[in-house]
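The following pair of complexes shares a single chain, chain A, combined with chain B in the former and chain C in the latter.
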Partner chain A sequence: MKPTIPPLLIYALRRLLQAIPVIILIMMGTFLLLKMAPGDTVDALVGDMGGADAAFIARLRAEYGLDQPIWVQLWRYMVKLATFDLGRSFVYEQPVATVLMDRLGTTLLLMATSLSLAFSIGITLGAFAARRAYSLADNLISTLGLIFYATPSFFLSLMMMLLFSVKLGWLPVGGIKTIAGFYTGWDHVVDVARHLVMPTAALSLIYLSFYLRLMRSSVMQVADQDFVRTARAKGAGETRLMVHHIMRNALLPAVTLFGLQFSTLLGGSVVVETIFTLPGLGQLAYQSVIQRDMNTLMGIIFLCSIIVILVNFLTDLLYARLDSRIELS
Partner chain B sequence: MKKQLIGLGVACLTASTALTPGMASAQEVKKGGTAIIHMISEQRTLNPALRASTGVYNISGKIVEPLIDRSYDGYEPVLATDWSGSDDGLTITVKLRENVRWHDGEDFTCDDVSFTAMEMWKELLNYSSALQANLESVDCPDPHTAVFNYSKPMPLDLFVAAMPDLGHPMPKHLYEGTDILNNPYNTAPVGTGPFKFVEYERGQYVMAEKNDDYWREGFPYLDRIVWRFIKDKSAAAAALEAGEVHESGFIGVSMADVVRLSEDDRFDVGTEGYENNVAHSTVEFNHRNPILADLKVRQAIYHGLDIDYAIDTIMRGFAAPGRGPVPKAGGDNYTDDVKTYDYDVELAKKMLDEAGYPVKDDGFRFKLRHRPAPWGEYTQLWGEYFAQAMREINIDVEILTNDAPGFLNGVYRDHDFDTANGWHQFRSDPAVSTTVWLRSGQPEGTPWSNQFGWKSEEMDQMIDDAASELDPEARAEMYHEIQRKEMEEIPVIFAIEHPFISVTSKKLKNHHNTPRWNSSSWYDLWLDE
Partner chain C sequence: MTVLDTDLRPAEPPRYVVFWRRYRRNRAALLGLFLFAIVVLMALTAGLVDPGDPLRRAGQPLVPPFVDASTPLGTDQLGRSILSQLFYGARISLLVGVLATLVSIIIGIVIGALAGYFGGWVDDLLMRVTEAFQTIPNFVLLLTLVAILGSKIEWITVAIGVVSWTAPARMVRAEFMSLRNREFVDAARNLGVSNTSLIFREILPNALPPIIVYASVIMALSILLESALAFLGLGDPNYASWGNMIGQGRAVLRTAWYCSAIPGIAIVLTVLSFSLLGEGLNDAMNPRQKQ
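Now for the complex of A and B:
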């Protein structure tokens, strides 16, 4: 008898093999796309400086290897990438890997907190509203959801800043910590947490409205299904009905959305990170486009594509767990 | 020739709108504290001998000092104590300050000046490499005397005017034998200034602390300076109001917030301290287009622009009409005795008719493809105003929106434009970064230079003559002539001159008390907290 490999492992391996050409294609495609944008990082730098002479510009371009034909640049980049060398950032004068790792923590902290808050509160409120559909409570929750949904995050952020920082003076305007505060230990943790309150709130309120609306309609739909009626006829209590029969089925679309939103983990916070000057990846990506910092931007896209592929894989696994009709093959 | 202090003749451009800065207060100085300064964009390097840029000086000017700085009384000795030029203009002798130490404890000597001048100012520093092209060597007869030898005459007043921006010595012992451009000290500078570099957290802040070994006895007053990078202008205004930031310079908040905060008695808002950082909002023509090569058309366009309206609505009064390539801050080199073009729509229309461009069936005479520079609020709105004003005189303007690299390539390299509006930065002397806007033969693709296809042999000769004239009075007269000729022929419209604006908390004392304050060392700045 042959030794049996667990089907999950085979599935994971196959997904991994499929991922490699996808990443290579993404990287080549983005590289060429970015090269189509007018100007390079030297132009951006010269623009920042307010001028430079021709020799200075030519020397910088040669130093960054930007004087080579595009295909040579692409080949050099891909060869380096094959050894997981992301190159140096033109703007930060540091290896891209260092720049990314410095920023990853902030973005992950911000996104993980906001998404989990949004997900848990959103589905709870959504389910609650669905069970009391068209009541006063439902109308209130739904209206609030609609307002959050329709408010652009930059507006929400600025209004919170105006209220809590400028008028009330309760929370710091931006940044990740009090500079020159030199806090250590718990004081540092509290300081960082205070700086994250408004950005987290701004981000999660918008995500929250997605889950709320989705969960409400999903619960209402499932509650009408035959099996729910059957369960109720067999004498299942309301709580059991909700938790075991309705929620588990109604969660599927919310999980899909969670997976999708997790994929936008890096991009989704550009606005909030920029306004609150949080040194995260979203802000870095924006800056890199403006400054045409090719290597950094490519590094961010590389990291993003890996995260997207990973999250898709995990979502599929979670699907199979929630709905046993779905098979991994 | 003895040391010359050049009168600044700086007129406060906007005396009516600006508030008095916190100068010369009778209050007793408080020592200590941390000043927090807003920066809108990140710096790639903090070495002022490699990048001539106000963004770099705004931070590194506190850490690294120039030989000579500028005060409201003229030129002020910093690391140099005295300077003189030979009669033939080929040597300039600079006496250096004694008992000055770098932040790592090494002595500052002529070797540092000689090394930086030859390796950085002449070879690598933007604008300086053209200025110092004829620098042959720097001799050190003793540790505190530096002799600059030139192969062609170098006017002393040009040399001195350039030094505050383009004359920062760096420590030879940390740079010699290294790859200068990739030297780690470029982002962690070691200087002789009142503050020592502490750390640079990318995307967040730069911090510097008090130098206890500073050569000015009893200075600096502050314990620490922190520069915070806040990209979003509204967030920066909120940070100022919440008291988290003490100063935002170089128009770091939106004009609406500038006006709002100028009415708030917690802040000083004004253009003081930027007399040395004056810029022009321009209209640039592509003379390869035969319509624009016609002087009459260019004059008509100038007549079609209501400059006073633009100053009031766009710059909110913090500006003045331009009078050619040299702004008022150019001192003796400036003249207002030039031809001007009053706002007159009917005259403009008549001139266009005469030039042979009557209004056609579609209501327009011709169409211009216009590139606005993305240098912030002023330039963008000025570009939109230009298009609007041209429609009044029946010229159709299509605006091609672009970001910084797109603009620089579109205008200065690919010449893919009919008109453009940008920004001319005046740097102390017209020979540094101004005459390149008019001199033909600029290398293709050099931003902020004559890429307009305009060539006048007479103008080229005038520019070359003025650059090597040693007598300051004769030199000033030559620049007046250049301005007159420019205003006659208007290859470029230097439409509006404006200094920058800063918003400063009144807690900061002794702020904006020099004409290039944001770039200066802030040794006497203190915080009333």
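Now for the complex of A and C:
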């Protein structure tokens, strides 16, 4: 018998292949944006030097390949991106890839804490509300969800700062760690965690409301189905029914949302990181816009897109693993 | 046979009356309509409340609310009246919200209709483009577009539309795919109706209702995006905007928190009104969906 490749692996490979055209389109998009932006690399260089004569500028253009036809430039740009060469940042005087890698950790940490908080609390509250549908508790939770959804993260951030930092003095107002603290070991972990409490809360509330609403309707839908009635008829207790029969099925749409929301969440980190002066990709994006550092900005777009594609890929795999009805081949 | 014998049913009330009866059953939706009406009223009466420029100096800086009758909600650190900025801000929020939604829905309809109607490679290509737009974090793309196009209010509106068309495009595509092979479309096609009028005159009117409901969501998101831009100081500096007020208020948060709290509450209530409105419209349009 021939050794067979596991279907999950084939499914994973096919999903990866499907991502390639999207990545190529994004590369073309960033190239287009760079061309639309006023000024190019040479303008930035010459501006840095404080001016140069026309012959020198023309030579620089030729050196950077900016005198080539647009298709050649696009091709070279895409080849560079494919090897993760994102060009140079003229603000930080470093390769863009280096600048981005410095910032990536903070953003990923913020994403991880916000998503886990939004996911776990949203799902718990949503399931709780669905089991007591149309009761006072359900109305309260649903109203809260609507208000969370309508509150912009920057407004929430300011109000939390006012309460917890200015009035009560419980939490630090910004940054990722105490500058002159030099904490090590657990003290360092606690210090970073204290700095992340408010940014995490500000970023996660809106997504918490998404999960809450989705989970509420999803649980109500699943609870109506025949297999739940059968399980109840066979004498399954309410807890077992909830955990074993309902939640496993009701969670599936929430897993899909997890992947879909990731890109919006990364976008939301721009505002939250800027307010709380967290040295992450979002803050860098804002600073790059202010300083017109287009190379860095395009690098952020490209890196964020790759992260989003990876996260979507992983959630797809998780979904396929959880839902045995999906045909993998 | 006399007229009396014919079994004429009593005249059905017009459609909008039926719609309104269904809509008002939902109390939350009524609240949404009420809040929405207030915001519209604020936008319309901004010129009456303060005929001058809302960004001019109206009194002493940092007067708290309910102290000076000429500036009922107080002033910010530059002495500008918070009340007039709030009213003029409603104008900008609504204007940007409505126009950006229009832009996004028009792009969404064109792309979704082409993909759903033609299928095949057109669909493949357009869906990859849609995925690419969904993959790039929309706020980062918005910042980039504003960096390139500049901070004029017209460009901000277009940019917000450009970053939020993917969801309507997917909805239109799904509707078109389910409608394109129905009998009435086949009948029209066999009569020799062109593709363009099949798309716009036969299928589109049937595909629109869910898109119209979803417009309230896009409107809410557009207002949030505009206020976030203005908060970061990237909005149009020539207009009063709620987001900008909050951003300016950040500098005096410690002493004059009302400078950012008042416009913040305005944003929350406005976005809330759109959510409630959307839910109400959805329930009224699909009365059977909600059980």
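The criterion applied here is as follows: the second predicted complex is superposed on the first by the 268 of 329 C-alpha atoms of A that agree within 3 Å, B and C clash if a C-alpha of one lies under 4 Å from a C-alpha of the other, contacts with A are read in each partner's own complex, and residues count from 1 in each chain.
As a working rule, contacts are C-beta pairs under 8 Å (C-beta built on N, C-alpha and C of every residue); 3 or more make two chains touch, one makes a residue touch a chain.
Just so you know, these numbers come straight off a predicted model, no measurement behind them.
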Touched partner set for A:I26, first chain B, second chain C, both or neither: second
First (chain B), second (chain C), both or neither touched by A:P7: neither
Which of chain B and chain C A:G237 touches, first, second, both or neither: neither
First, second, both or neither for A:Y92, with chain B first and chain C second: first
Touched partner set for A:V270, first chain B, second chain C, both or neither: second
Chain B versus chain C as contact partner of A:C304, first or second or both or neither: second
Partner chain(s) touched by A:G175 [first = chain B, second = chain C, both, neither]: first
Touched partner set for A:L284, first chain B, second chain C, both or neither: first
Residues of chain A at both interfaces, chain B in one complex, chain C in the other: 37-38, 158, 161-162, 166, 274-275, 292
Chain C residues touching chain A - in the complex, by the definition given at the top: 128-129, 131-132, 134-148, 220, 224, 227-228, 231-232, 234, 243, 246-247, 249-250, 253-254, 257, 260-261, 264, 267-272, 275-276
Chain A - residues contacting chain C, complex: 21-22, 25-26, 29, 33, 36-38, 146-147, 149-155, 158-159, 161-162, 166, 260, 263-264, 266-268, 270-271, 274-275, 285-286, 289, 292, 294, 297-298, 300-301, 304-305, 308-309, 312
Sites on chain B touched by chain A in the complex: 34, 36, 41-42, 44-45, 51-56, 124-127, 129-130, 181-182, 186-187, 201-205, 207, 224, 226, 228-232, 234-235, 238-239, 241-242, 244, 375, 402-410, 423, 425, 433, 442-448
Chain B-facing residues of chain A, complex: 37-40, 43-57, 59, 63, 90-94, 99, 102-103, 158, 161-162, 165-166, 169, 172-176, 179-180, 274-277, 279, 283-284, 287, 290, 292
